[in-house]
Amino acid sequence: MSHNTFGHLFRVTTWGESHGPALGCVVDGCPPGLRFKLEDIQAWLDKRKPGQSRFVTQRREDDLVKILSGVMLDEDGETMISTGTPISMLIENTDQRSKDYGEIARRYRPGHADYTYDVKYGIRDYRGGGRSSARETAARVAAGGIARLVVPGVTVRGALVQIGKHKINRAKWDWAQVDQNPFFSPDPQIVPVWEDYLDGIRKAGSSVGAVVEVVAEGVPAGLGAPIYGKLDQDIASLLMSINAVKGVEIGNGFAAAEMTGEENADEMRMGNDGNRIFLSNHAGGILGGISTGEPVIARFAIKPTSSILTERRSIDADGHNVDIRTKGRHDPCVGIRAVPIGEAMVACAIADHYLRDRGQTGRLK
Amino acid sequence: MSHNTFGHLFRVTTWGESHGPALGCVVDGCPPGLRFKLEDIQAWLDKRKPGQSRFVTQRREDDLVKILSGVMLDEDGETMISTGTPISMLIENTDQRSKDYGEIARRYRPGHADYTYDVKYGIRDYRGGGRSSARETAARVAAGGIARLVVPGVTVRGALVQIGKHKINRAKWDWAQVDQNPFFSPDPQIVPVWEDYLDGIRKAGSSVGAVVEVVAEGVPAGLGAPIYGKLDQDIASLLMSINAVKGVEIGNGFAAAEMTGEENADEMRMGNDGNRIFLSNHAGGILGGISTGEPVIARFAIKPTSSILTERRSIDADGHNVDIRTKGRHDPCVGIRAVPIGEAMVACAIADHYLRDRGQTGRLK
Amino acid sequence: MSHNTFGHLFRVTTWGESHGPALGCVVDGCPPGLRFKLEDIQAWLDKRKPGQSRFVTQRREDDLVKILSGVMLDEDGETMISTGTPISMLIENTDQRSKDYGEIARRYRPGHADYTYDVKYGIRDYRGGGRSSARETAARVAAGGIARLVVPGVTVRGALVQIGKHKINRAKWDWAQVDQNPFFSPDPQIVPVWEDYLDGIRKAGSSVGAVVEVVAEGVPAGLGAPIYGKLDQDIASLLMSINAVKGVEIGNGFAAAEMTGEENADEMRMGNDGNRIFLSNHAGGILGGISTGEPVIARFAIKPTSSILTERRSIDADGHNVDIRTKGRHDPCVGIRAVPIGEAMVACAIADHYLRDRGQTGRLK
Amino acid sequence: MSHNTFGHLFRVTTWGESHGPALGCVVDGCPPGLRFKLEDIQAWLDKRKPGQSRFVTQRREDDLVKILSGVMLDEDGETMISTGTPISMLIENTDQRSKDYGEIARRYRPGHADYTYDVKYGIRDYRGGGRSSARETAARVAAGGIARLVVPGVTVRGALVQIGKHKINRAKWDWAQVDQNPFFSPDPQIVPVWEDYLDGIRKAGSSVGAVVEVVAEGVPAGLGAPIYGKLDQDIASLLMSINAVKGVEIGNGFAAAEMTGEENADEMRMGNDGNRIFLSNHAGGILGGISTGEPVIARFAIKPTSSILTERRSIDADGHNVDIRTKGRHDPCVGIRAVPIGEAMVACAIADHYLRDRGQTGRLK
């Protein structure tokens, strides 16, 4: 299927299945001379890893990342320095319980990729969803950890802004809150509401969708390229590539459809310091596919995970009608853990466009 | 900027500015042996071309497409047969009125790409928006005309489903209506509402956003590839690459965020004829990035065009504050003409994935 | 067939057949702000165009290039300034004599691509070789004209170094001679030898092969990327993509197989001016895929054109044995006109790697 | 540097340095349903691995390959079945002797990539050549093992045809001999000559170049695509990407430059069985970039390894003149071990073009 790579100059290839021995990625195009410690990358994986609250899957994975190539150790024996060669990262799978999945080997779980993989390939690694498992996203987060180092001064942060019908109060947005609750919510007041709501969902063996917002600050103006290399296009592409994502917005997004030209366009003025100032950021930091220097803002909708305990009608590979309940350990709201994944995707897109603009080595200029 | 190409096996490269002598595209990867007439391609351009109602720009362009390569004429002297070599198509610009645009040569229209192009390139073809003009989309529509021929049995249709806050009644959806009104509305009852509303917008020199829905029927199951070659990912990427698009949805889209797993997943049953049947299509015809055989459904939001008659605050290239009104001939709702463009993008994505799956020549199998 | 594009950041797409209305290319990724006149590009096409001596095809084509996009005119009305958007160039075919080619519509000329195109596509534009005609190379030369502008200080020059068994005397190499004879020979003493030899070939209706050498001076050290983005790899790829090329060498090339490590490696010393000096250039300016700063040297072998007047055994599309003589206007030594084509390919490869290293816009650094 | 991937549908990404913990590759685009055992892949690595005779480096590496993803085990617990997802393969480095390399950390070995890596990246993994080490080719050979499974009926074999000035007698070519001597020579009579010659080279601490020929039989007619996706172009590109390769030929190669059209073109006749027959194969199985069905023949020249015991003039990273001898364990003729690497590259190119033509899944046709 040959499409497990993304990026044009900052290129990431991921590999691995849910229940294989390991998964990982190769990050190609990382500039030389970046300095970091293994724990800098591990921190992002820790944010994504399962089992951290009762609201996410209880699968236990340490998700410890190993770096196999592309770096040299500095004299402290700890700081890694990128050499410009591909960085191969590997994460072992340790908590596969294949017995949980045996009965769905030939049954198609509604809303899962079981049926389409079988139609396409005629063979499917049914264990834990195989390649279509959310575990693949661990490799994305590791790659995102490298991407964050590429563009000086960029900060990429995400937050959960909606679970089911319950949206945050945007007036209460406080980035400092995001790490203080199990939902990555920037609004502390919604937390108990979500807790109650999700406890109900979880106990019912059900699931629910969510919306994540990612904001990248410090993106230099001028990244992105018309016409088919737009920065927002590449962000949309990568966010849509995340499992279960069904919608992507930039800036005002679908709300822009309801607005007039007067309301939606961002006026400008010269600042006292000689800087160009945008008086608003409806565009989400991108005009004509190119960054304006304002924060880049993207949102994406995650559908409810299709693994639920309610019996559902389906068929099997032999063409029989079956009724199916998806047992096992699942996320009642897979959108929660999508926050660091969305951050990683946005960070990778920005790093790629930064290198397209400025080149890869920086030595020759 | 080197990113004026999209597609992996069905590859389209577009070129041209609003006020240059011509614009066009090269369609590479078209299989050999496709038979069509020039008018088959022209028909889609006619659907997109400006000046067809008072609700779109009054620029007059015939948008006659010429095919310069990649085909041989059949004995009837009219039917073209693709040879498998690149199809170069050219559309002349005939109604450039450069005088309309002179004063914005150094001023940045809010919401336009003027500022970002200047920041990035240090030079900008200000005439009619240059490369960022909606005229570039004529080349997309021509390419889409070829793409529609690639997959046997596929029908790709679009409709306008929302202007401003005014949405169609989906229960009234009738494809036969779409060509009977200047809005590509599938719901005839909304047409007078939109007419009144847009007349007001137009007379006020204002503009408004819209939402377009594209439906592809007859897409064979199995197109698309995990993980970064998902069919929905590529559709999202191409739709987001259209000027002024700020959001993309597949199937239930953002509404999925509000749904439970029971509501959102599509159950299956075996049909009497031995076919596999999906009992609903919340997924929009794609699971795990691969087509299910159900209609592929995508929606996208177009922001209001930023060219409005109201004076707006901005700056110029010299760092002065200016107030700017965008005169000239513009679309009060650019979303209307986005319908055939969206269709073209979806058709191209499907053609590309079809060829990835089945190969390009069909002779050797 | 979707592979009519080359380059990663400096990307060229060519299109067109021998006997269609026109051929051309789209050069994508050209940095903004390059200044040139149409005649700067035309000059390279003039060097390649047919009919300039009795030793090349007598087809008459002016090969006048038009630039349709990607530039703005400076105030002098003549100097073009690249804007960073795709540069579309078009060359009309004016001297197609289709009657010359009628009888080979269904016959496979030995050594030509007739048979393989038919096997692959089931349809073939037989007129003048269609897409496989050497006319396609006019578009390459136009693209090369742009590429030469990208890297400041680079000079790319080619010369013919062998016709049949007759090689130049390398000790006599004088670049100033290259434009003084119809063979692009750097050695004036070989010219009468080649004239006599080629007159014989031409009168016999035969053809003969040749070897071209291209030298790029002023290539900055550090261009190219291990492992699959080596500069020499990309040069080899592009030279091998030229019609009739059967071999490519870098630096010592095949002669290196006969040498020892002592003979072949290039020693270094510090110069008096603090520069690093290579004491020889066996490597042809590239080590480990990366330029050393020494001249980049590439050679390629062109087979004799297969269009000869001697009757040859072949078959036709219906599976009959036939005897075939290729009438029409052909090059007795197609290698002569390959000189500017080889230059163009090397220039494009260097431009592409330069942009990968240094980025595309140069505004943000 | 982002260019550690090759292939368009059959895509291989390699990673790893000579003295890191491991190296490996990700093979993306492998069709589903291929059946093989680990030993099928290991066999090719065994052919390439060091230390198998006194004529190659004495570094000891078992080069045991592990497959981490992309396959399921059949019921026999041994046969692997590809699933269509990326196949990640890993080979541990076990015999790194970093002490051997300490003194060249800041010195540039003539003919090596030391200088160019330092110029480009400003940092270089000097241990064993880092990324530019021949160890990277182990990953290529593993990928080639998968590639060989993709095209039914294809056999790709290589042989050494020249060491220094000593060429095989082509009339004596016997494939059965290739595995009977330490040189992969198809001509047994040259073996003692090469032994004597190389013993002298080895004892002198010198090195010498070589030429390898690769022949692929059973390649279906019709693979490859004009103009920039020629099969010979992609083979040339991949062969030139191998360390130390300085020249590539297809079919007659450079000898074609000395031939006439009568001598070089391959005539055709219909066979008694209705097959099309080429009466010769000067073209090396490729016309116009597309395979003819005849054996594909490629040759490449490998320069003498630059690691020699003779003292050579060079400089160091601080700009001082130094004299340098490269101690350590090296190949007196690195061309010997290039045989399986060349095979792997040709196999990968053919697999890629096969999939472009026929599609990737085979389920939907």
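Annotations
We call the chains A, B, C and D, going by the order they appear; numbering starts again at 1 in every chain.
Keep this in mind: a residue touches a chain if its C-beta (ideal position, glycine included) is under 8 Å from a C-beta of that chain, and two chains touch if they have at least 3 such contacts.
A quick note: this is a predicted structure, and the numbers were derived from the prediction, not measured.
The interface with the greater count of contacting C-beta pairs, when C-D is set against B-C, is C-D.
Repeating the A-D interface with over half of its contact pairs identical by residue number, the matching pair from A-C, A-B or B-C is B-C.
Per-chain CA centroids place chain B at a distance of 45 Å from chain D.
Between the CA-based centres of chain C and chain D the separation comes to 27 Å, rounded to the whole angstrom. If you average the CA atoms of chain B and of chain C, the two centres end up 38 Å from each other. Residue positions of chain C touching 2 or more other chains, listed in rising order: 1-5, 8-9, 14, 85, 119-120, 131, 221-222, 225-226, 355-357, 360-361, 363-364. Of all residues in chain A, those touching chain B in their complex are 1-6, 8, 14, 108, 110-113, 115-117, 119-120, 131-132, 136, 162-165, 201, 206-211, 221-222, 224-230, 232-234, 236-238, 240-241, 243, 246-270, 274, 276, 279, 283-284, 286-293, 301-308, 310, 312-315, 319-321, 335, 356-357.
Note for the complex: chain B touches chain D at residues 8-9, 85, 220-222, 225-226, 355-361, 363-365. Residues of chain D that touch chain A in their complex: 1-5, 7-11, 13-17, 20-24, 26, 28-29, 32-33, 68-70, 72, 81, 83-88, 90, 119-125, 130-131, 355, 360-361, 363-364.
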